[in-house]
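Next up: the structures, one after another.
Two complexes follow with chain A in common, the first pairing it with chain B and the second with chain C.
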Partner chain A sequence: MQASELKIPKKPGLRGSVMFSISFAFVLTIVTMITVEFSLLEIIENFTRPNMVVDGLLSPDLTQIFSERSRSAFLETLQLAILGTVSGGGLSLLMAFWATDFGNPIGWLRVVVRNFNNVIRSIPDLLWALLFVTAVGVGILPGLLALFFFSMAVVTKLTSDTLDGIDQGPIEAARASGSGQLSMLRMAVLPQILPSYASFLLYGFELNLRASAVLGLVGAGGIGSRIEFFRGRLEWSEVWGLVLMFFLVVFLVERLSVTIRRRLV
Partner chain B sequence: MSNLSLPNKPVDWFRNTITLAIAVAVIWSLIGLEIKWERLIDLPGDLYVIGTLMFGEMNIEDFPDLVGAMWESISIAWVGTLIAALFAIPLSFLAAENLVGRPLAWLIRQVFNLLRAIPEVILAVALIPIFGLTPLTGVLAIGIGSIGTLGKLFYEVIEAIKKEPLEAADAVGANKLVRFRWGVVPQVMPEMASFVLYRFEVNIRASAVMGLIGAGGIGNDVAQALRFNDWSVAGMGMLIVIFGTITVDAISGAARKQIIRGSSAKSLTPVEVQA
Partner chain C sequence: MITFRNVSVEYRPGEKALDDINLEIQEGEFVVIVGLSGAGKSTLIRTINNLVPITDGELQVDGNSVGDLSRSGVRKLRSRIGMIFQGFNLVDRATVIQNVLMGRVYKLPTWRNVFGAYPKKDKQIAAKALNRVDLLEKAHSRATDLSGGQRQRVGIARALSQEPRVILADEPVASLDPPTSHAVMQHLQKINRDLGITTIVNLHFLDLATAYGDRIIGLRGGKVVFDGKGSECTPEIFEGIYGRSLTAEDTLQEDI
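Right after this comes the complex of A and B.
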């Protein structure tokens, strides 16, 4: 062996495109940090200064669970999430069908439905709430409307993605045996997507439950209005007590939902 | 022929119970909520009026300010996502059961779960008294709020790595650090980078929303405009949010495709929906 003649090949360098991406990300980071006036010193200073928010977090008021008004606000949140999901998620099945070629033979209508979905999905839940608060005034109704549109957008998107991937065989079979549009959808398409659709509905319910906690911050009902009330009075122990209780509710619902979803899929 | 009878349809108890439960829940909610349903009749008309006010005549003079505010929202999302990644990456290695022991992984995972459960808006509400109505509030709310999700996505990536590179590293007698650097990092980098970008897209929506309660960005402008019936500004603001979000989504999505294409990673988008 003449080891001295062996040459170790040069290490391959970074490709140009990778170099470009890394420098782009670096510049972006610098520019955005200037935009938001990022300062590590300020963060450390503000966090180490004594403040009532952290004090409240360290001694949350758990007796809120016995308060009549807090409890009814919780029920309101739960009921809002249920109604919002059932109505929005129910309509989303129709919307998802209308966005596919076998569910909707009219080409231009398909495009309209798809774009409508995309626009609705790009508007966040809290903005929906604020819009409806402006339109119909403070109360539960704007919250319900916000959850309705929000969950409709999410479930429609997930369902139509599933519809794109279904087996076309049963559809052909239904058509060949002379079935009408409605019975084709009922017998050839629905059984294929029902388990995933049900699991999307539950997912939408979880999202709605979380969303309904913050709706109240803009005046759209639920537990958020209660949180906003205590925040306005600077009673942070009560705020954190409510937030902790909310976690408990979300956690329990999520456990239940995950269990049911496992059985469905 | 007439003797033949169809067998009874099998009874699906699971499905029946669920259906009944949903029906009961809906009725309970309908009775429980005191909703002024009659307001719904006026809603289409009201929305039409608001729509014409918002999008009827927009003032081009508002455009630069609002685009600046949208840029602030995007900046909040980017810096916040980076902060979250900074914390999530080391933590996620400690949460991967194939790298550390079970008890430690379990503990870190509970931290992730807790952080994941807090809506960013609530975090922002809590941070406003400390940091004031500044973009920094938004940055920190997003930063803290995304650690949980990113951490969870990351440790799932780490747990899915192939064993062979690790065995190869062991076979040549690599020490712990070298084993990690060449056995683990190259396998998880592409997907992690792609998930950071994905979270950035999610966070743009979050940061646009957080402005509604005063934590910086374009939400601030839209909320103020709606409160003071400054309809044309609100309308243009909403359009800018929608177009801005879609544009950044497109760019970031293209970048993610590039990252994933050059690697053996499996998924482009995290499958958060699957139980």
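Right after this comes the complex of A and C.
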């Protein structure tokens, strides 16, 4: 007797709605392309026409970074990134602690800190820079303030998530032996999050370094203001030279940072 | 001396975790508290160091009325009471000696705790505590690299480094295997005999309770239903405490 073929139960789930979502996304994309008058031909046409920007990319001035002014602007960028990370990232440890119930026994203050953290996180780096350029004027100070808030927001968020998952046992042990609040945080909590926190600081530094290139575009100091200067004078070889050298530095710093972070966690 | 007078604890109105407890525990006693889970054992020992505040009655510990203490009074009281936990509650990433030094936290100024700058005297106290549980050679191992029994002995050393008058142990062997459980209980017993530290241990294994408890207090539904010598504790009495007949799971050794 031949065994009858087994009937496989129908796969449960949302096949229909998945298909619908995909086709909806596809249609949406087409409609958007038509609305914004997107045309691939136009892009190709623009690039093949004689074009100063593309010419500049083909002959970038890689030595521009070593000129006196570009060098100091570049150093400014590094300083901004370091200062912003250390100050903002340092404060974010406190902000993350104050948003937890074991780190902050005062209920209403906890709510205030949590909401503050949520608000600063929703503001992107460039908007911070614009805000502070408007508030305190053009220069390195608005850049620093922007990176301070930006890295505080990022590192606070990541550290808070880590704090949510820590082992609460040592906290109870510290309290049971008569520890004060600060000693408890130092002895029972900090050792648990320190490797992750250090890695978040490095990550914040990477983000800040990249962000500090854009900050200059709105007048907030650093290498970005140099790039903006040459762009204004239509000196594209210099623009591309700076961008390429900056890219190289960011790439190296990132590789280094990723290597260190892997060892930490 | 620890005195409970009509002590009650309500976590929510009407739900009594402890119901009208009256007890007197003398200095240097070794007391085992038994009862089913939910009977109020953990709550009872946590009232002694005010981790759980009492809602009614009067609780005297070492001449302090626990309910009336200020925040700094509570910290001072806790510094004289060592506590040992079922889940050890060690900082896994920290070294053994760092964990033990946590017991010195109350005696040292905050800046010393924050910077980990421990005076020689306190390091000596921590080393002596570790030596007492035979773990001095593991001082610089990470807590996470130790076995369960060793970790609980670090927990004991941490409590000892407080130089306490009282040790509270909440189900200290519940996550350990039988031979390790006996080793840990023997350490607790020896510390009680040698140093005269009042020791109160929550257990749910009856054979361990009768083997180590000089005095056994039985809790059921938040009430004291038995209080007597460990040697007087018969299986019938345990059935009364548990409110049901005994099973193999009520003992550590299965052949009893």
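Here is the rule we use: the second predicted complex is superposed on the first by the 246 of 265 C-alpha atoms of A that agree within 3 Å, B and C clash if a C-alpha of one lies under 4 Å from a C-alpha of the other, contacts with A are read in each partner's own complex, and residues count from 1 in each chain.
Rule of thumb we're sticking to: contacts are C-beta pairs under 8 Å (C-beta built on N, C-alpha and C of every residue); 3 or more make two chains touch, one makes a residue touch a chain.
Predicted model, so just to flag it, every value in this text is computed and none were measured.
Put chain B and chain C next to each other and count what each touches on chain A; the higher total goes to B.
Shared-chain residue A:63: touches no atom of chain B or chain C. Contacts of A:137 after superposition on the shared chain: chain B is touched, whereas chain C is not.
In the superposed pair of complexes, A:23 makes contact with neither chain B nor chain C.
In the overlay built on the shared chain, the residue A:86 is in contact with chain B alone; chain C does not reach it.
Looking at the shared chain after the overlay, A:175 reaches chain C, while chain B stays out of its contact range. In the superposed model, A:115 makes contact with neither chain B nor chain C. Chain A has no residue lying at the interface with chain B in one structure and with chain C in the other. For chain A in complex with chain C, the touching residues are 167, 169-170, 172-180, 182-184, 186-188, 191-192, 194-195.
Chain C contributes residues 49, 51, 74-79, 81-83, 85, 87-94, 98, 102-103, 105-106, 110, 113-114, 155, 158-159, 162 to its touches with chain A in the complex.
Residue ranges of chain B in contact with chain A, taken from their complex: 14, 18, 22, 25-26, 28-30, 32-37, 39-40, 42-43, 46-47, 50, 71-72, 74-76, 78-79, 82, 114, 117-119, 121-122, 125-127, 129-131, 134-136, 138-140, 205-206, 208-209, 212-213, 216, 219, 222-223, 226, 238, 241-242, 245-246, 255, 258, 273-275.
Note for the complex: chain A touches chain B at residues 17, 21, 28-29, 31-33, 35-39, 42-43, 46-47, 49, 51-54, 57, 75-76, 78-80, 82-83, 86, 118-119, 122-127, 130-131, 134-137, 139-141, 144-145, 158, 198-200, 203, 210-211, 213-214, 217-218, 227, 231, 234, 236, 239, 243, 247, 250-251, 257-258, 260-263, 265.
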